[in-house]
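For reference, the structures are reproduced in the following blocks.
Shared between the two complexes below is chain A, which pairs with chain B and chain C, respectively.
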Partner chain A sequence: MEKNNNRLGWLFASPYLIFSTVFFLGPLIWSLYLSFTNWDLISPTYDFVGFKNFTKALGTPGVRSAFWVTYKFMIVFVPIVTAMSLFVAVIVKGLPKLKSVFLIGFFLPYLSSGVVASLIVKGFLSHTSPVQTFLRERLGLDIDWLGGSFSALFVVAMIMAWKFTGYYALILTSGLESIDQEVYEAAAIDGVKDSQRFWKITLPLLYPAIYTTLILSFGATFGIFTEVYQLTGGGPNYATNTWQMEIYSQAFKNLQAGYASAIAIMAAVATFISIFVIRKILEMWGKRNGWV
Partner chain B sequence: MVGSNSNIKLRLSIRYLIAIVLLVIMVFPYLYMVLNSLADWSQVDRKLIPTKFTLRSYQWLFTGGETGITRPWIHAFFNSVFVSLISTALMMMFAIMVAYALSKLKFRGRDSINNFVLFHMFFPAIILIIPNFLIIQKVGLFDTYWALIIPKAMSLWGIFMYTNFFKAVPDAFIEAAKLDGASDFKILYKIMMPMSKSITTVVFLFLLMERWTELLWDMIVVRSDGMLTLNVLLSQMFGPYQSYPGPMYAGAVMLTLPIIILFIIFGKKFQEGMQFNLK
Partner chain C sequence: MKKKLAVLMSLTLVFTILAGCGSKSSNSGTSADGVTTIEFWAAPNPTQQAYWQKIAKEYETVNPKVKINVSAIKESPTSEASIQAAIAGGSAPTMTENISRGFAAQLANSKALVPLDTIAGFSDIVTKRNMTKTIEPWEFADGHQYVLPIYSNAMLFGWRTDILKEAGVNEVPRTYSEVIEATKKLKAKYPDKYLWAKPDLADPTSWKRWFDFFMLYNAASDGNKFIEGSQFVGDEKAGVDVLTFVDNLRKEKGLLSQNVTEPFENGVGVFTDVGPWTFSTWAEKYPELQYKENFEVSLPPVPDGMDPANAKTFADAKGIVIYASASPEQQAAAIEFIKWVYSDDQNDVAFFQETNLPPARDDVGTNEVFKPVFEKTPVLQEYAKAIPNAVPSMDNPKFNELQTFIGQEAFNKIVRGEIDPKTGWDNMKKAIEGELQ
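== the complex of A and B ==
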């Protein structure tokens, strides 16, 4: 019996074991190896160059920007998406009817392809668009949205916020609903004012759900590619050059496979450490306030 | 609650009003896309709400219009459907199989595999894109459907979701079925699957949506026109066809509508499943 189960277990798990060997462990080692070479993706021979790729990468504006752009995106994107999804969740939560219709409606943007979202935004912000015409003729504002460093970053962050708000609102709504109404009543008796209700009761009890959405939204900033590729190509002047964008350009446009591998490893390390630190900070913040 | 009945009613109406306004703002980009795909070309991207309509943009997609270049939009749409469905089906099948092993079969090494799946899941995947591309190229799968399907046949997130779900199913069910002589395949098919309907909807929709909108991978592993998925084709047309915004919007509608329709059909089930997963 025991032996039989052993075999069956390995059999059932084998698709994953094969897959992770071929598409995870193998590539991981290969990538490490490539990062120490100067391979150009095409020629049959290449040389071992040691740490040259890494030292070279540290000095280029592309890699430096990729490092900082992620955090810039975080600073813009995470507060916006958190505030928006919290607002949506609070508004939708108390509705006796049509709540699921609203939630599903808000979720729809999440289904959009980054290409489609970029297409719409590009049309929306084009020179002749109704929005731009209005800004120009009525308010005298002539903004080149994708040409300015901050505005380009802001536009991409807003597309991301549009996309994720409904998803996070869904998480926050179920968090809000798991809060017992009696807690509010008890607090009212204890003299908690209406103005303090959110900070003293809702936020602490909602902390696990907020923690989830924060981790998800911080994580999402490390994977930004499509919108940037489509709208700005990483520009203007590297202002929206994300890790993925930089790796893609170096590997598949400039054909520097070895160099790009080195950048990919640096990106992975930066991502890993950042997420770890963010998690720790969020946990400390929760513990310090006694929310966890 | 203090306050009269009418006060509560007023508050509720305000909430509904805000919710509706918010919803309209959130869904507006889609509306803008659909309207522009149907708008007369003189009004595309020039009017917030177009007034004159035409089907020319859609016609253009099929014929190539005055450029004379027939772009394989229909073919790309078919590719997207084909690749997404097969990929997603494989992801689901493998996720369920592996999750059953990791949650309900007791075997030596199970805990190590479980930990490894978690490690794999949280590992930043960008390192893998170059070597994975090289593997596809080395084994001669570049520019084939296999290149689009095989590396996207396993979802760690899917394994993770199902493992957690299956863990919650009491072992007693399985032991009872075993006493009746049911095989593990039968248990999986007859007991575990029906019990996990709600989570299956959620996992299926998320995986399908992700596969359907994948850009980076699909962009690097296929080249010829006949192999492109709709998302990649639209992305390729993005720059050069800027002077034809109407057809671009029509292509965007083609890419967006199927997934939204599917989602609305499963909407109720999806929401139940989400509620379950989030608790």
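== the complex of A and C ==
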């Protein structure tokens, strides 16, 4: 009986295993192999170059910027998206009815195309757009949003925040809904003031959901591509050059598939280490406050 | 039984997935009834696509043993990337047009192209089409010809003479000091207008340098090659002059690199690079823009002391290539098709009429057959006249990285006022030489 169950288990798991082998493990091994070659994507022949791609990558401004830009995005994007999604979740939770309708509304940007959103923002920030004209003529502010290092990064981070807020709000709303109302009532009896409710009750009990959204939002910064590609191309002066942008540029603009694979491997290592460290910090934070 | 079922299901899944992944065809392109099918990717420009579809249909009636499927190269993300992806995926077409010299060098370096001069009948095309001189600079370092140039645009700068006149500038500026003077007058009259308004000025994408830096640099250096083989041979004085000119325009608030929709057409800027393909768009979208009435075109401005009348400029020239992955039958059929197209001058006339792109021929300015085209669109005469002044792009396979450095290290930074011209030039030179090693 147990043997049959095992077989059935393997059968049900096989689509995922096959999918992972073909679309994850296979490409990963292939990418690792390519990272030691100078293959140019289309040439029938190539040579093994050892660790040359990795040493070259470490010395280029493109890769160095990709490394740091990711953390700069984190600093801007994570607090904004967390605050916005928490705000949305709290507001939606307090609604007397039609909660799911509002949540769907906030969730829609997550389903929308990053290309379309970027193009709309591009038009919105165009020199001759009504917004820019208003800022220039009425307030004397002539801002080149996509031409300044910080402003370009900020614009991309804001688009990302707009896109992800609804998704994270959904997770946080579920967390809020799972908090038993009796906890608040008991706390009130124990003398917890209304102004302390959020910090003393909601935040600790919401910690698992916040932990999830924080990990997801930190992780999202390692995969930024569409918005950067459409709006800034990684500029100005590498200010928005993400890992994905650098990999794309080297593989498909400069035809250096081997070198791009080396960068992809480096990006993966940076991502795993960063997420691991962030997880540990968040867990320590939770433990120190007695939330887990 | 259950075990067999499980194995069968697993294998079905594997083969279904793998079948979806594999699309490589070993088809020779010739069917049992002897009809050879050619896949021809035309430039992603409606007029060029229409031209090739029409001409392919005509050829099929003359030669029923060949079927030509004409489709536009996908532009997402770029036509070059689409071609590269197709080659990498084993689904390259037989032939494509829209190939620049630099991109051809990349492809040739990867053994993706057929050296056209090794195919019988290629020299006949060159002779019959009267393009012996035009094709000379297209020879690659290995002595082969990989591209048959179709058109050659000597890129010119357009001037909004209507706005300039309102600002008190009655002649098109031809030297750097004249341009700066015109900028001062323009800003005095219209503080919200710019001499050169173009978001690309601050964009490091490599090909964008053809239409700003190289146009000015070719004029300032009298056509210096910039990179020859794997050597950087840039003319420092000319390069620094160009960057200083751009820097001076910035200081006069004459540059706008923010995103703005069609700034020249909408009058936000009064100066910009203009290719001959633009005029058919303007005829439809901006009919008020009329040559000699409110705009003119000219060769690039030159540093003071140089003769602006014969300034060199950038040649936006592109052509047809045949891919090495095509079967011998397809390659032979492709060259026969090209031979047939260029055996009749009227096909070049039709191309010129349809696309406004001057055919890459030695006699485009003198051959009477092109007269009706110039009569219909007089501004094209300026492009034909400038063909001898046009310098093609570099043929280095690393052109993409090299030209990106021009923007990243020098041009874009100058536009944003982040660096001085000499330092910009030095940084760019260092980066380029590092890449060439």
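One rule holds in what follows: the second predicted complex is superposed on the first by the 270 of 292 C-alpha atoms of A that agree within 3 Å, B and C clash if a C-alpha of one lies under 4 Å from a C-alpha of the other, contacts with A are read in each partner's own complex, and residues count from 1 in each chain.
Please note the rule applied: a residue touches a chain if its C-beta (ideal position, glycine included) is under 8 Å from a C-beta of that chain, and two chains touch if they have at least 3 such contacts.
Predicted, not measured: the structure shown is a model, and the values here were computed from it.
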Touched partner set for A:F19, first chain B, second chain C, both or neither: both
Touched partner set for A:P236, first chain B, second chain C, both or neither: second
Touching partner for A:S118 - first (chain B), second (chain C), both, neither: first
Chain B versus chain C as contact partner of A:S126, first or second or both or neither: both
Which superposed partner A:D40 touches (first chain B, second chain C, both, neither): second
First, second, both or neither for A:I189, with chain B first and chain C second: neither
Partner, of chain C and chain B, that touches more residues belonging to chain A: B
Which superposed partner A:D144 touches (first chain B, second chain C, both, neither): second
Partner chain in contact with A:F252 - chain B first, chain C second, else both or neither: both
Intersection of chain A interface sets (partners chain B, chain C): 7, 10-11, 15, 19, 22, 122-123, 126, 128, 229, 252, 257
Of chain A, residues touching chain C in the complex: 4, 7, 10-11, 14-15, 18-19, 22, 40-45, 122-123, 125-128, 132, 144-147, 229, 233-238, 252-255, 257
Sites on chain B touched by chain A in the complex: 12, 15-16, 18-19, 22-23, 26-27, 29-30, 32-33, 36, 44-48, 94, 97-98, 100-102, 105-110, 113, 116-117, 120, 122-124, 126-135, 151, 153-154, 159, 184, 209, 212-213, 215-216, 220, 231, 234-235, 238, 245, 248-249, 252, 255-256, 259-260, 263-264, 267-268, 270-271, 274-275, 278-279
Of chain C, residues touching chain A in the complex: 2-3, 6, 9-10, 13-14, 17-18, 21, 77, 81, 84-85, 87-88, 106-107, 109-112, 197, 202-206, 256-261, 263, 266, 268, 398, 400-401, 404, 408, 412-413, 416, 418
Residue ranges of chain A touching chain B (in the complex, touch as defined): 2, 5-13, 15-17, 19-20, 22-24, 26-28, 30-31, 34, 87-88, 91-92, 94-96, 100, 102-124, 126, 128-131, 133, 162, 165-166, 170-171, 174-175, 178, 209, 222, 225-226, 229-230, 243-244, 247-248, 251-252, 257, 260-261, 264-265, 267-268, 271-272, 275
